[in-house]
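Here's the structure, in structure tokens; my notes come after.
Order of writing sets the labels: A, B, C, D, E, F, G and H. Residues in every chain begin at 1.
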Amino acid sequence: MATENKKVLMKGNEAVGEAAIRAGCQCYFAYPITPQTETPEYLSRRMEEENLVFLQAESEVAAINMVFGAAAAGVRVMTSSSSPGMSLKQEGISYIACAEMPCVIINVVRGGPGLGNIEASQADYFQSTRGGGHGDYRCIVLAPNSVQESYDMTVQAFDLADYYRMPVFIQSDGIIGQLVEPFVMGPYTPMFDELPPKEWALTGCAGREPNVIRTLFLNPPDGLEKQNVRLYEKYDRIEAEQQWYEDYNCDGAEVVIIAYGCASRIARSAIKTHNGNGSKVGMFRPKTLWPWPKKRLIEIAENNPKVKFLVIEMSMGQMIEDVYISLMDIVPKSRIAFYGIGGGWHPTPDSVYEKIQEVLAE
Amino acid sequence: MAGKETKILIAGFGGQGIILAGNVLAYACIDAGKNVCAMASYGAEVRGGTAKAIISISDEQIDSPIIETVNLAMIMNAPSFVRYSSSIEKDSPVIVNSSMIDQGQTERSDLDILGVDATNLAIKIGNIKVANIIMLGVMIKKTGILDPDSITGGLKRAFSGSKKGLYYINESAFRSGYDLY
Amino acid sequence: MKVLKTQPKSITTEGTKYCPGCGHGIVLRLIGEIVDELGLREKMILTAPVGCAVVLYDYITCDVIECPHGRAPAIGTALKRVHPDKFILIYQGDGDLAAIGAAEIIHAANRGENMSVLFVNNAIYGMTGGQMAPTTLIGQKTTTSPTGRCVKGMGKPIRVCELLSSLEETKYLERTSVHSARNINKTKAAIRKAFVNQINGIGFSLVEILSMCPVGWRLSPRDSQSFIEEQMTDYFPLGVYKDTD
Amino acid sequence: MARKARINTEKCKGCYYCLDICPRKAIKKAGKSNEKGYDCVEVVSQMCNGCGACYIVCPDCCIDIIDDQ
Amino acid sequence: MATENKKVLMKGNEAVGEAAIRAGCQCYFAYPITPQTETPEYLSRRMEEENLVFLQAESEVAAINMVFGAAAAGVRVMTSSSSPGMSLKQEGISYIACAEMPCVIINVVRGGPGLGNIEASQADYFQSTRGGGHGDYRCIVLAPNSVQESYDMTVQAFDLADYYRMPVFIQSDGIIGQLVEPFVMGPYTPMFDELPPKEWALTGCAGREPNVIRTLFLNPPDGLEKQNVRLYEKYDRIEAEQQWYEDYNCDGAEVVIIAYGCASRIARSAIKTHNGNGSKVGMFRPKTLWPWPKKRLIEIAENNPKVKFLVIEMSMGQMIEDVYISLMDIVPKSRIAFYGIGGGWHPTPDSVYEKIQEVLAE
Amino acid sequence: MKVLKTQPKSITTEGTKYCPGCGHGIVLRLIGEIVDELGLREKMILTAPVGCAVVLYDYITCDVIECPHGRAPAIGTALKRVHPDKFILIYQGDGDLAAIGAAEIIHAANRGENMSVLFVNNAIYGMTGGQMAPTTLIGQKTTTSPTGRCVKGMGKPIRVCELLSSLEETKYLERTSVHSARNINKTKAAIRKAFVNQINGIGFSLVEILSMCPVGWRLSPRDSQSFIEEQMTDYFPLGVYKDTD
Amino acid sequence: MAGKETKILIAGFGGQGIILAGNVLAYACIDAGKNVCAMASYGAEVRGGTAKAIISISDEQIDSPIIETVNLAMIMNAPSFVRYSSSIEKDSPVIVNSSMIDQGQTERSDLDILGVDATNLAIKIGNIKVANIIMLGVMIKKTGILDPDSITGGLKRAFSGSKKGLYYINESAFRSGYDLY
Amino acid sequence: MARKARINTEKCKGCYYCLDICPRKAIKKAGKSNEKGYDCVEVVSQMCNGCGACYIVCPDCCIDIIDDQ
């Protein structure tokens, strides 16, 4: 019971805040928006206690640019928002990605489009994984499905950001962010033996050549192209190194559900009921939305040539495209079913159960 | 009750300590080695109205955080009673604050309702704010979902740091509720 | 039996979702009264802000557009350019107008758009649960300034009337309050003037209204009235800041 | 006196602005909550002179001033 | 020669402006940015002449919200920008899509990410077709490859916007926008027999119930979901009705190039040289990027079971995903090659030629 | 032979891409001189704006960050919070600061960030080829105001010093010009003061510098100097708008 | 020359009428029933420096707008001559403004260079700005890519509306260039 | 006089600010363009007294003031 007792109780949004502090985050900039506001509220108190920089920005646009500034200054920095606010950050994110500045960005996704509602949603998947901003770039996207993972992944996000020099997203949602669960608040254990020194940081050029953080590449004419190629070499490396996932009951399953975040928990309820009834239903849960963990999914499909897939999203269908692309030439479309709910609403264990029944019956 | 999951609704006015009562339960679960998962809501983005917390307690891993119906409830004021009674499963125990609720206000006759004059008892104890914990005491006694010592542990955790001074009055509120029936 | 005073006709009867004692409710009634008096309901277009007043369309029976947070002045500009003969009412909160929407209000004011802006300043982000606003007072505790706003690092509260008054195309700027009957009456007169200005083609008018947010302030409605009387009006002096008609 | 305040208690949210402002102390707590759960107020008709102050301060349009002749 | 003589000479960016005026656009709001600034410059003069509303907004954020306001007021309205500016418009676009307001949005894509450069690019494909903004929504995206098409598609965009009640993009780029070509400035001929009356427009509620333009759907809890379903029913209809493309030499081709916009013209040069040398190379050019014209591509693939595809993009690879998804189960990935250049730079007829050689040789 | 005056050490020798007679070049030299005099080069971080000065890092040898259009004050805020001991120089144009970046400068000023802002006001969008800026004069022809800016619909030019002066945490605001030797010398003194203020922890300082843009204005360099002397300074009076140290 | 495409570079200082000369050519092509496609550039986002226009003329449809090398050029000042001569294909005719260009400034000896004292001639005609059109006249005469009447037509189109008054001086500038050799 | 202006004509862009301001008319057009194609200026050394005005107005750091003793 010793470890049990070390558990603490927090909302997902608060756990993310505490994780940032434990990971050495020095600056946090954000603008209030439901359902993520507990993060700035929590950090306004905690960062003052720890003598760190908390600043409520005048807007999401200002917040993401403050993140750009602090990252450029060489420290760990985070921001958080929810869907409409994330849309406003897209220009800044594109700059930060191009300038290769490490930072952590939390999106507690809510119902959209527009003002939408304040319930949980997964309809910002395209925005986070395909770059809602302009130009060719990618961000690592981690998708927690519990308060424990919200905490753990936030800590890891800082390491990933520094290691690969890029923005890392935590893609949470209105349920995971609002959930109160006990979790183990482990000490910060670095993911990597060594992180690259921030030699590029802006600290005044005493004793060295000036550092310049820029994203304009006018000369030579293919200068920007070269930067893009550099970025994509990095992205290829990340795709090789960081495909995170969780398997649940996939061996010999008749149906494998593919779901992430909140939807994966709803699905697991339904699966348990099913499996209690004797069917064989498994689940493949991407923990990184980019890079998408296709290697493992392909393995599952190849090991189990008759398996059917059921993709469940709290959106009208976005991740399904990554499933199609991953399984192309391996599984025909007819064996990939989809169950999605758009607009800040969620499936239930019962509705998932029924959908599984349908797929099994096909 | 599907599986071993206890799904508890706590509802009332903002200010009646709804979220706090939920947190005490959740903390108690940690001590008791049970799994727990809570979800609080304060109504929509527009303020006012009712506060509500749903706490799931289980010996197993808690999967879906989506709770549509509950099998135990603790209701602190009349509007919440009207609003939420339809989401309580048949035959479930429901502890209501009879200081503020007229039990005739629900059409459900299939609930196991227990009225507690909690607000008035709380005033007697000396702090109207502990009505929630008195009701918690009644609920624990009536259902046995957790042993009272874990609740005491939960109270210790909930009233720590700057709120430490409030521990004793809440502890005795809990006892008085627990001992009521 | 004759009803001498009752809810204005242009206001819906269901009641609002505002918290007890919320100043938005008073402003709503004043709008309704003036809209009725001036017969504006059928020629007006109202912008609802992201904030506690977001569902204004549930409260007032006229054409309404719900605007992205802070952008009402840009939307209103377009509405007025398309329909110069319609009455355009811009309703904004302090987070909406003075934080995220600072650029939009300054530029609409600077262009001198012939619109009436009601700026409900309750020194807090009400809808999201009480975070610090640009107009939060020094020392005021909010959920994101838990030890009170301090000048260092957060700056002083922004005085919108004073800020806008340097822009020559602002024609009428007044700060009022709804914390007492006398001030409510003055607010009504100010709103009326802002409306009449637009009708007469005078140009950009803005009324800044200090307004109670008991829930966001964690005060009772009564104490909220006192907070305005004793603290807010000190820093935000009531009065006319510009009147060039 | 013919002019009177009339309160729609179901709309009342119990802010007590009217109660505080009434120059004749003609408004008092009703001592019960309405359907929505708010502790509402009521007018003591005899004391009211229909001055309308309560109408002005009420944020929820609960109050009418009527002439009951 | 009669028609020839009716030709006029303009930059792509100017043609777009003139097209708007001829299509009855009443309002135009924008913020300067290279390489699209000729559009506001042109319209500042022309709209004054025609007594229409031209307003240079204080920012792209303000501009898109002005578009929202004018669309809600019931008139035809347009904005234009280039990549970084488009990122700033994403929140507004998400609102406009949710509120189903008709408008035309021009993106003269430049090199990204970040400030990038001012050359042509196609790296905003994801942003336009997948929704760079938050939530589930789509916009029709038309991709011209000449000044003539820039003109024609802009005119059509207004009709599509009104007909389907939604934002329609013209996805141009720094080459197409800057190109000076003669074109026929035809009179406005409506695409549809009838357009739905704008009964929802905000005009003051005289004689009718008030109109409300909103995107918040709090009650009932599934209200927003219903709006999403409504939107997706519409999107499905559009996918059925509006898949635009151009075939070039596809029958019996050994290799079919898939390219749009500027890249399609570079490719056509290379193809001509090739075909002069006796190879059979064709091209499939999507003219709508959303909905993606997959029906026709599938036909081509099915009619020609050995054909190889070569996707050419002025990006690191974005449209390729639509090709994969369209051809899944029909053509194996191994028969789909990719040639992309990121970051505001372009292939040349020669480099495309070589790439075709490679694909032929495989 | 002794060199008494030459290009400042902190300025690169390659020369700039500015057009002939561009005021940015003069401001650049002044920065270089003061940076050299105060020994700031190795402790400074400069924000380059989107505008003709975007490649400032090619002209001055210090740490530089190129900011998205209008956002330098937000970026500078973060730089200063992380490195309070470093010298943060914010360089912005009039489109950058007064149009798209209006919210960011107002809030940085209001928070009283201890930074030095150089606001180069050339009444035009130079880099994009001469479009109307918020500071374009009434009657001035630009590529997007082809018949001249008019008050109706476009508003009057925004006076940034006047606008910011209502914010209490702005400590030093001065408007100068670089159209003549006398004014260049005054500009140098003002920039120096803004720099020294930051070093001494005084707080937010901004110098607005009227600056020639011959290419954007379609005037010869000489006529550009006259344009400032005869027209701009009329509407934008030179002088100190705030000085509270 | 790949296909029948004439790819023409016109380059000089901003203000020398580079873009205008390109437009006159393009308009002339419309009249002549030829396909044409032009691309102007004013250097980067930062102002100053050289202006450049590339015009492709063909009897066939013009596909790629990307022109890397040209087969005909008209260069109006020295810096452009230095900068762009490398993109001119071997043996191509190059008309240079010898008032401002010293032909020694290129290392290319494989070009068919013809110097025209265009600026000085223009001053003589009475407007320094028509140097571009004088050079155009020379170019048309030398290459025959378009007949002179279509250029006159192009000039009419380019100088219409508010610029109508400039037509005649430009027409005579064209003639004087055309008749020069 | 020992103090003199010295102009780096290759950097000069021909704005003539220096020419206009020189109190001694010691700067004149060089009558030729530099490598970059600008019509640059030159100092007539005898007339210059090194007052430095030209240095102040030059936007392109073309001018040094030297003491040639």
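In the analysis below, contacts are C-beta pairs under 8 Å (C-beta built on N, C-alpha and C of every residue); 3 or more make two chains touch, one makes a residue touch a chain.
It should be emphasised that the depicted structure is a prediction, and the values quoted were computed from it without experimental measurement.
J.: Walk from subunit D over to subunit F along touching chains and report the minimum step count.
T.: 2
J.: Among the chains, which one keeps its Cα centre farthest from the Cα centre of subunit E?
T.: Chain D.
J.: So, what's the distance in Å between the C-alpha centres of subunit F and subunit B?
T.: 61
J.: From the C-alpha centre of subunit A to that of subunit E, how far is it in Å?
T.: 29
J.: At what distance in angstrom does the C-alpha mean of subunit C lie from that of subunit B?
T.: Those two chain centres are 40 Å apart.
J.: Would you mind listing the residues of subunit E that make contact with two or more other chains?
T.: Residues 34, 55, 58-59, 61, 84, 91, 95, 115, 118, 214-216, 218.
J.: Which subunit H residues sit where two or more other chains touch them?
T.: 13
J.: Hunt down the residues of subunit F that sit against at least two other chains at once, touch-wise.
T.: 18-20, 22, 54-55, 66, 68, 99-100, 102-103, 106-107, 127-129, 134, 153-154
J.: List the residues on subunit E that touch subunit F in their complex, please.
T.: Residue positions touching the partner: 31-34, 37, 40-41, 44-45, 48, 55-56, 58-60, 84, 115.
J.: Hey, which residues of subunit F end up touching subunit A in the complex?
T.: Its residues touching subunit A are 41-45, 48, 54-55, 57, 61-68, 71, 74-79, 81-83, 86-87, 103-104, 106-107.
J.: Taking the complex as given, what residues does subunit A use to touch subunit E?
T.: That would be residues 61, 83-84, 86-88, 90-91, 94-95, 97-99, 109, 111-119, 121, 123-124, 126-127, 130-137, 214-218, 221-229, 232, 315-318, 321, 324-325, 328-329, 332-334, 341-345 of subunit A.
J.: Which part of subunit F faces subunit C closely enough to touch in the complex?
T.: 99-103, 106-107, 110-112, 134, 151-156, 158-159, 162-163, 165-169
J.: In the complex formed with subunit E, which residues of subunit G make contact?
T.: Spelled out, the residues of subunit G in touch with subunit E are 2-3, 22-23, 26-27, 29-31, 33, 36-41, 44-45, 63-66, 68, 157.
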